[in-house]
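One structure coming up, written as structure tokens, with questions to follow.
Should a chain be cited, it is by its letter among A, B, C, D, E and F, assigned in written order, with residues numbered from 1 in that chain.
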Amino acid sequence: MNPAPAHLELTTAPHVHAPISTPRVMYEVVAALLPVIAAAAYFFGVTAILMVATGAAVAALTEWAFSDRQGLGTLRDGSALLTGALLALTLPPALPLWMVALGAAVAIALGKLVLGGLGHNLFNPALVGRAFLQAAFPTTMTTWSAPGQGFWHIESATVAPPMLHAAVDVVSAASPLGLVKFEQKTTELLPLVTGNVAGSLGETSAVVLVVVGVVLGLRKVFDWRLPVATLATVVVFSGVLWLFGLSPSPAFMLSSGGLLFGAVFMCTDPVTTPVTAKGAWYFGLGVGVLVVLIRNFGGLPEGVMYSILLMNAATPLLNRVSQPRRLGG
Amino acid sequence: MSHDNGPSLWSTFSAGLWRENPIFAIVIGLCPTMAVTNTVTNALVMGVATAFVLMGSSAMVSALRKVTPGPVRITIYIIIIATFVSAVDWALAALLPLAHKQLGAFISLIVVNCIILGRAEAFAARNPVLPSVLDALGMAAGFTLAMLMISTPREILGSGTLLGLPLFGPRFEPWVIMVLPPGGFLTMATELTILAWWRHRSAERQALAEAT
Amino acid sequence: MDDLVWIFANASVINNFTLAYFLGLCPFFGVTNRIDTAFRLGVANLFTLLITSLSATLLDRYVLVHAPYLQLISYIVVIAGTVQFVEMAIKKLSPALFRALGIDLPLITTNGAILGLALFQSSKGYGLVQGLVYALGAGVGLTLAMVIMAGLREEIEFAPISKLLRGVALNFFVAGMLSLAFMGFAGLFAKG
Amino acid sequence: MGDFAGAVAILAGLCLFFGVVLALANSKLKVWQDPRVDDVAGKLPGANCGACGQPGCRAFAEQVVAGKLAPGKCTVSSAGIIADIAGLLGVEAGGDEKRVARLACAGGKSAVRDIADYRGLGSCGAAAVVAAGGRACPWGCLGLGDCARSCNFGAIVMKSEGLPVVDVGKCVACNDCVVACPLGLFSLRPMSDQILVQCSTPLAGPMAREMCQVACDACGRCALDAPAGAIEMVGGLAVVRAAGFSDVKSTLRCPTGAIQWVEAGQFALPKRVALRALSLGRLHARAG
Amino acid sequence: MSRLLPLSARATFAHGVHPAEHKEATHASVIERMRFADTYVLALSQHIGAASKPVVRVGQRVERGQLIAEPVGFVSTALHAPVAGTVAAIEPRPLPAGKSGLCIVVRRDPFDSQRFTDQITSRYPPGDADDLIQRVQHAGIVGFGGAAFPSHVKLSVPEGKRVRDVFLNGCECEPYLTCDHRVMVERPQAVLRGAELVRQQVHAERVYIGVEANKPDAIAALRAHIPALSPIEVVELTVKYPQGAEKMLIDAVVHRRVPAGKLPIEVEAAVQNVATAAAIADLVDLGVPLVERVVTVTGPGIARPANVLVPIGTPLRELLDHCGGLLPTARQVVLGGPMMGLAQKDLDVPVTKGLSGVLALTEPATWLQEQPCIRCGRCLDACPMFLNPQRLALMVRHERTEDLEALHLRDCFECASCSFVCPSNLPLVQLMRVGKGLLRRQQEAA
Amino acid sequence: MSAPEPTSATLIGTLTLAGLLSGLVLVGVFQSTKPLIAANRAAAMEAAVTRVVPGAVKAASYERVDGKVRASQVAVGASSDKPMAYAGLDKAGKVVGYAIPAEGPGFMDTIRVLYGYVPGAGTIVGMEVLDSRETPGLGDKIYKDADFVANFKKLDSKPEIVGKKKGTKSKPNEIDFITGATISSKAIVKILNGSAAQWAEPLAAGATPTQGKQP
């Protein structure tokens, strides 16, 4: 007869658990970013890698600086790295690195830590960082350098010393959305799909984003309803406006600007989007409508960031109105 | 002023300056604080204008406190305040037309600055003229101090200038957000946090000192 | 028509009275701890704004033609008088409503948004219809900002936030981020 | 100068108009409220604890002014404040004898065995739903401090033995800990109830003693030593039947110390001192 | 909502989870008997409802199957001696839920043959269907699924109601457990006989036996014994937890949803466990009261996993010893399935009527430390009651009782699907229970 | 508060008295500051007029009624309920052009501008932003960017002003937009086009100031 263990352990049911954890979800998303970073490096050169590294490092550093020093705080779950990398990928390629660092610090400190850390942020931290940069440096944030200038090409602006702007003007190219808004020129679909256009680091290549999004969705890393609702709304709404000549074609709307990147990586942030299934549909609908409104009738060429931030703000309300009806109730 | 009630008058004045600072401690009168603190000059002019209105209306309210019937007192206070504000508005337009243009409608909006009505109701209506004026002076000084504390970082970072004078070289990249509405909210929030932290620390130190 | 759309968009979201003009911050922070209270006060404000817009237009047109410089004091007397009257009436007619809204009522008087609306609409030279649309936009914008803020605050109530940040500072941080998000509306419908 | 007169007239006219409206409103819509309610409410602590049975301090003030409650029903206010309120209203202070929260368990860490490791949320409510915690006694204090957290007056502190100790000076008998304890170990007792049975186990005899050193094993000695009917044995526990009964003698022969004579707070004496008192008591009993 | 276009060929309910099954250790283990123990501890309250009242004295001699406690009221049931012997004590003893309760302790007579005596058969005469409800109550039969709801209550149809369909629950959706599976495989005729008895008793038109698709042998065994034109149908269900819950089972088979807070009778349904049906058949055909049941003893921490026919009241220690005892690596003993079962703090507890399995686990589910909730919403997608566990948990932590009511905490039946899928490993079910305690105590205080 | 309840008459009386007194004070202050304020406004407007109408040293106010332009009694810079324009007069008192205030929606809020206009040819000779809340660092370039302001030194308003991407203007009626602040640039163009369309005819017709008194 075997001796029974001296002390049994008391834990609550269930005594089995699904093979899933928050850190794993985070690292899967980080892994999904790798192809996006690779595409960015392909089009914008080493600058892309520098910027992503800066963003991730500063974000992690900020998290470490403000969290309790024992046990690295919430560093281990990888969410800070993710926030920093995501932020960098939404920035224009010629942005000074010190601005990337500032944005990452703001994203973590303001977007996340002030509100109680992981799981309690109200707005997507990366987008808070980006919105801060957009409001602080409106010109620099809308100056795009052209893709394909060689892998080792670094704009002088990128390495501008902190607090200063570049000595020499960036050789700028207009983004497809800027072109259509201000010069009524549309861009061919092919470069939009491959990503060989001016724009923020991570957003240009539609094909990479679609593949990554589908993989993440199938692996159930995020709630598929959010990106699907967002993209479907944009297609339908812009399609209707397109028929009246009030919007570029849905295909252009989908493949240009930060829509796909936002739909795959920003709309799917679980913390700042509704928990309910119905709420997810509402959220996507809201983002889609706002994107189309801002792009076509607003003052800015691009509105994905603001649309998502605004819907983030509405998320507690959406959660409230979309409470599921209990079974049989 | 008699010698023995000097200290109490002084504390009446100093309360508003820091301990009961209208912005940082009581957190009222926020509208102008946020709206006009994008430059130090504006903040100063606003502070002085508010101070004038605050003192004038406090004196009047206090002087008339015995003949003001309760049910209509708020309306009467507001008439008094609005009178002073109108006067300040025109005085500024006549004397400092540029600053007046910069501040625009916010001069008129001093009327609805909660500090003024608040002090009228909470202090001037219950105290004689001299303490009321001193209280108003203290509050106004505290208000102006707070306005300066908020406007200084906003102007330095947001425009790279202080009182309109450039501080940095031509390559300085200003943080435009600081002079925009979000910058106002965030600066205020940051300063409140720093103050709370500072108060917390000094309270801790005091407790420690008392314990040992 | 385009003009009216822009006026509405401008007052409600582009230059949201609270988030861009900082008007009515006291009630904005004071009553946004619960969504239903925020909504109720937002609607109350909306009605007050509409009434104020109407009264201001009438005052401008029929009373102040002889002495336009009395604008400020007349507006404020009308607003203060009306609010005080409404307060008394509610106290008498519905003590329950008064208890629920009691503290908030005087806030409407000193709500910069009300006076601001009257002053702005007059300085922009809006007529009766434009003024009402402007008031409607401002009211909708205020309500929107307050309800969203209340939603966010109901959420952060449960977050493990340091004591140093809790309270006013935190509200300002949240309002700052909300204001940042509202910048996306800049230039909406400006094309006309 | 027509301008001048016109302007003054406009303003005076406006004010006259609103003066009339407000005066009318003031006379027609006046609501009278007893100003004493404000005065009383101002004197109350404003803790809104509900110990008086009213939803809040203001509601209590209304009831007191209306004469429906005695000021002394507020257990939080000091005697001075209550006298003050009573004086203001010209009524008797009234009120009950001070009651405090008492814990029906003395099983600290050293007295009761841990037989399993509870791992999970650190609250009694949570431990109670997982096999009633890791201690051998499923009726006893879980020691995770839900009561201390529920106390708005800082009257309950978890001591090193893992038992909550009630500061009788701070306790206002607000009932919060009674609700907070998932095992229902707290009850509100008048201070004059000095004999406390600090155990809740229905087990008797060796089974009870094996589980916990200070369990009531229902030996019945206290019932024998007390006047007839003052203490009864019910379901494996001694129960004090007589209100206000406090005779130290009846506790002296308790073999485990489950029944205690308490002067102020429970567990006031360190265990060794308590044991010495116990043996001294036995000596006394023998001598008597 | 009727499903015109079912996504999968097999029927199932909405939401729920699919844990790893872990049934391979015992699903082929033939039910075995164990040696009699020396003492049996019979809790007076091992069913939902009022505790039974003892009808024996300490020191009294009892026969195997003799009534030792009788029901008190309608929602209550009887208790019988599992062995012949003497009543050693009637006193509080520790029970599986962690609490203690009054128990009748029976010391086995080592010289008795332990046969059911004629007296028992005559007390529950075979074949008479009219008083089945009374007989089931007095035979002490309760639901074998885990909740131990007295079966006779579900056999009686209230005035003005009717039962159209009877559902036999053969899902056994909890991982590890195989006791119902073995009963269906080894005693399909008893199950079908019980099904027919229940159907006749409630005057139902049809009987559906819901069995999950991972038990093809059970499905085959049952189907092989269903005669032609029988109103009994075996329905193969997609493997999903908690399909064995009454409301889920009805939804899965006929897509009728029981109104919140109501019983299956509202949708003209009655649900019984398959093993319960077999017990009813045994009562009617053999006159045997409920004195033993099949228990799955399994898990990585037990020497010899098995399905054991255990007399009610057997000390847990003896049952474990029968299966070779706990391995040194065992760190937890769970009574019930891994999803809803209760971890035990000691092994001095008896087997009760509701016990379906004993799990010896080597690695507690707290392998991952609790992380902050990231509001991913997986718990909402898992909750078969369509509640919002994430929000509920938050409200429990902040003791917002009015919100708990508004969010329908009372509808939670603690199936643990939410905790199972939570990537942040929040103790959601534990919080739900804490919340219910909170509501209960507040109600009592008010 | 032990004070006796005030009677209605007291309430009405105090309030009216307060209004009366405040009215007196206000009128007094206003009357004493009025000339200064008016002078400030006139000086500011005149200075702006001389800046946008090259060669002008003085301004005279005109108003548009029923599609006709006539001299106005309203002082330069004072507000009026009729559309106003200011004639820029040279030393000799000859009209060298008109300064016209105009406004319209911008990126953030209403933009108010003053532009110099020479009727007949319809040439815009200068432009100044009087009031705007455009984004600092971006939209505010409509008055801070010298290159942009220089666009309006000589610009044909007929048939209408057309904005082009920076560095691509080729025709006399085209201007260069500001990079990154296209909306604000567009708003200026829209405001000028709208205003010029309204004023072109009346100014061309009644170009010679009649100085006549109005009824």
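We adopt the following convention: a residue touches a chain if its C-beta (ideal position, glycine included) is under 8 Å from a C-beta of that chain, and two chains touch if they have at least 3 such contacts.
Since this is a predicted model, take the numbers as computed values, not measurements.
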Original post:
Where centres are the averaged C-alpha coordinates, which chain has the largest centre distance to chain F?
Top reply: E
**OP:** Look at all chain centres (mean of CA atoms) and spot the one farthest from the centre of chain A.
**Re:** D
Original post:
Between B-F and B-D, which chain pair is linked by more C-beta pairs in contact?
Top reply: B-F
**OP:** Quick one: report the Å distance separating chain C from chain E, using the average Cα coordinate of each chain.
**Re:** 60
Original post:
Just how far, in Å, is the C-alpha centre of chain E from the one of chain B?
Top reply: 70
Original post:
Once you find the CA centre of chain E and the CA centre of chain F, what distance in Å lies between them?
Top reply: 85
Original post:
Distance-wise, how many Å sit between the C-alpha centres of chain A and chain B, to the nearest whole number?
Top reply: 41
**OP:** Provide the list of chain C residues touching at least two other chains, using ranges where the numbers run on.
**Re:** 67, 69-70, 73, 77, 81, 84, 165, 170, 173, 176-177, 180, 183, 186-187, 190-191
Original post:
Taking each residue of chain B in turn, which ones touch at least two of the other chains?
Top reply: 71-72, 75, 79, 82-83, 86, 90, 176-177, 180, 182-183, 186
**OP:** Provide the list of chain F residues touching at least two other chains, using ranges where the numbers run on.
**Re:** 1, 11, 14-15, 18-19, 22-23, 26-27, 30, 107, 135, 137-138, 183
**OP:** Show which residues of chain B lie in contact with chain C when the two form their complex.
**Re:** 27-28, 30-35, 72, 74-75, 78-79, 82-83, 85-86, 89-90, 105, 108-109, 111-112, 114, 117, 177, 180-186, 188-189, 192-193, 196-197, 200
Subject >> For the chain E and chain A complex, residues of the former touching the latter >> reply: 17, 19-20, 22, 175, 247, 251, 257-262, 303, 317, 320-321, 324-328, 330-334, 336, 338-347, 359, 361, 364-368, 371-378, 380-381, 384-388, 390-391, 407-408, 411, 414, 416, 419-421, 423-425, 427, 429-430, 433
**OP:** Could you pull out which chain B residues touch chain A in their complex?
**Re:** 168-169, 171-173, 175-178, 180, 182-183, 186
**OP:** In the complex, go through chain F and note every residue touching chain D.
**Re:** 1, 8-9, 11-16, 18-20, 22-24, 26-27, 30-31
Subject >> Interfacial residue positions of chain D with respect to chain B in the complex >> reply: 15, 18-19, 22-23, 26
